[in-house]
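Shown next, in structure tokens, is the structure this report addresses.
Every chain is named by a letter (A, B and C) in the order it is written, and numbering of its residues begins at 1.
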């Protein structure tokens, strides 16, 4: 395979990371917590789509929309039941451990419902491939949709955060919850909205991830979740373009490492790059501007 | 030789001259006051003196030794200890241990000695305990030595901070608004304590204070800071009668 | 002026209180040992529980060591399994390389030192760059380091022949050993044939040593310095504490103790590989520490024992057991940490102990969580 093919694969995987990272970075920016369960929402989204397609025969687009709705409700519920009571806890570790508990919970519910064996994901995206240079570089429909989705989501989010009332509320809450409250911002509502958006994005990411790597297990979301957080930190936590660029860089580095160095140490290289970046720039690539926090 | 000698000290944050051409000379054993309206740069001066900020210009000499640009830790080792405007205690440690930690660089034994509980451990710990209790007694905190520092009432927390600073056996003690949040009785008592500390430990003290009663009551000399620049300096009575100072305080 | 009578009395009382707390932990460990060992001797123990004895010791040591970083030094580490892994691999490699050249006991003691030393060294090497970061950034970087260690060990091949040690990151062939050479680390297959030297007794001794190290450290000059950096970094600097040095000290001692846990683990299994040392294990250990009470050593011990044994004891629940585990974890966290739940608990308590003043309950609560 040529370098261009690897690069394309890397950008495609990176776009999935970027979409997860966008959700992660928004949630982190506003709730200031490492939401370990975020990755597992991806897995839930993937299973919902799979079930709707195979068991209920729902058309693809509709299935994705339903999955987004399910994940949105799930995200809001998790925040309300498990995280909100701990928002003012005396140690930030409390909510971190609870998030880990939620992650175990989602994984084990999936384990009970679907078993530990991987389920083959079905094609949701039925677009023809594009071929360049007499087949030297073939870009599948899935890849095209993934990259387009990533770009559209980033643009929409940026507009939302900067141009809308709710977006401004998000920025205010992420800056200072108490001050935002005094200014009349509905803090609880804003945090719920952020979790809703993040979870809906996770559902989309789940579909895209499993379209590219078509096996779903209860643990499908765990590692991508961690990597997406790495991507978010890499780009500067709280920064929307940072999450996008961090995600894509991460995907490219991972695929190129697998191709040219060794598939076994690809993760080590990804994490190594993160460490180097943080040591040089402790707030990540785009983390300088605190005002950009969402 | 002066205990503290500051020449032409300046720092700016993003174009704002927070402290500009600041000069100060404090003789050994003096009780010196640094006053000025809010935002005048008083705490910034403390942060410069203790190495929290690095000055963009100027020289700081402690007892003749140049300490400009050194780290906070090294400046403390050289003999400057301080308290903070917003109290910074080791809240989850007992009162006694707050002071014991202050003796870190004066009573030493290795980490291994501590882990293996070699005879030296007990010997040195006994000395630290005794010295720490002595200091706590000065501040009438000895009977509360076993409480967590964070559980002390506010006024006592301020005292404990001074006690901890004294444990580092400084040549110069910087007190940042020691009477903030105290009622008149507590303030009067604090004035006594500060005087006592100066006499008992033969200490040189520089303090920031808004409480004019305290300032005029115990400070021998004053420097007034306004908008990062020195407005006036001299003996307390001279400074407090200086029309420029009165204007700065009342004329705003 | 001097009235040291009362003062020394108070200091003595504080010392006695600390001593009592420390002794309690030794007593708990020794008591559990006495009971379980009696059960083993008299054959009154299920094979399941018997098989759990050494792993329990492993997790207790790991939890105690992590508490040193999280509770005492106040930094969040999510890479502790990485240090266990380093300790496990280095000691297992040592034991296999030495083979029968040394008597069992001596070899195992040396192996413990090797594991602790190598893990401690890794703690220093990793700590120097990463301890500049704080909070969640430190957490993610330690997690990253844990994963890197695991990944690199997965591609490590090592062997020994008459020319000495051989290492490769490609394959066993690449080692270029003599035909008589022995391959010890086999890439992702790990290390097999490590002598099974770990026993419950050894595990208990290591727990006691860990307790001694951590408790004596806490109550020493270095321990106070470490805790001062946790409580207020700026104030610590202002009284002349070298903050970075003491953060690093806590981190490397902790890594070294985690390495001991790894040694115990490695010498309890026929085959050692890196699977068990991923971030999930690091997180599991953190769960012990937080559930047991951050900074509370007794709590770490009890939480590690209960949370390691519980899932095993609940095996009859099959697939539901981890689900229950997750729910219990969430509920306990909410019950122990949510301000609303704490308020409710202190109200309930003050209603029950009406004569003891209403503020009491809450104060105890805060001390407990400190």
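Basically, a contact is a pair of C-beta atoms (placed from the backbone, for glycine too) under 8 Å apart; a residue touches a chain by one contact, two chains touch by 3 or more.
Keep in mind the model is a prediction, meaning the values are calculated, not measured.
Undergrad: Taking each chain's centre as the average of its Cα atoms, which is closest to the average over all protein Cα atoms shown?
TA: Smallest offset from the overall C-alpha mean is found for C.
Undergrad: Which chain has its C-alpha centroid at the greatest distance from the C-alpha centroid of subunit A?
TA: Max centre-to-centre separation from subunit A belongs to B.
Undergrad: Please tell me the distance, in whole Å, between the geometric centres of subunit A and subunit B computed from their C-alpha atoms.
TA: Computed value for the inter-centroid distance: 50 Å.
Undergrad: Would you kindly tell me how far, in whole Å, the mean C-alpha position of subunit C lies from that of subunit A?
TA: Chain centroid spacing, subunit A to subunit C, equals 32 Å.
Undergrad: Between subunit B and subunit C, what's the gap in Å when you average each chain's C-alpha atoms?
TA: Computed from C-alpha means, the inter-chain centre distance equals 40 Å.
Undergrad: Mind pulling up the subunit C residues that touch subunit A in the complex?
TA: Touch list, subunit C to subunit A: 70, 76, 129-130, 132-133, 135-137, 139-141, 143-145, 147-148, 151-152, 154-155, 188, 279, 283, 286-287, 290-291, 294, 319-320, 322-323, 325-327, 329-330, 333-334, 336-341, 366, 369.
Undergrad: What part of subunit B is in contact with subunit C in the complex they form?
TA: 50, 52, 71-73, 76-77, 81-82, 84, 88-94, 96-97, 100-102, 104-105, 107-109, 111, 113-117, 121, 124, 128-130, 133, 137, 142-143, 145-146, 148, 151, 164-165, 167-168
Undergrad: Please name which positions on subunit C make contact with subunit B in the complex.
TA: These residues of subunit C touch subunit B: 3-4, 6-8, 10-11, 13-14, 17, 212-213, 216-217, 219-225, 227-228, 230-232, 234-243, 249, 295, 363, 367, 370.
Undergrad: Enumerate the contact residues on subunit A facing subunit C in the complex.
TA: The touching residues are 28, 34, 36, 82, 85-86, 88-94, 96-98, 100-102, 104-105, 107-109, 111-112, 226, 229-230, 233, 237, 262, 264-265, 267-268, 271-272, 274-275, 278-279, 282.
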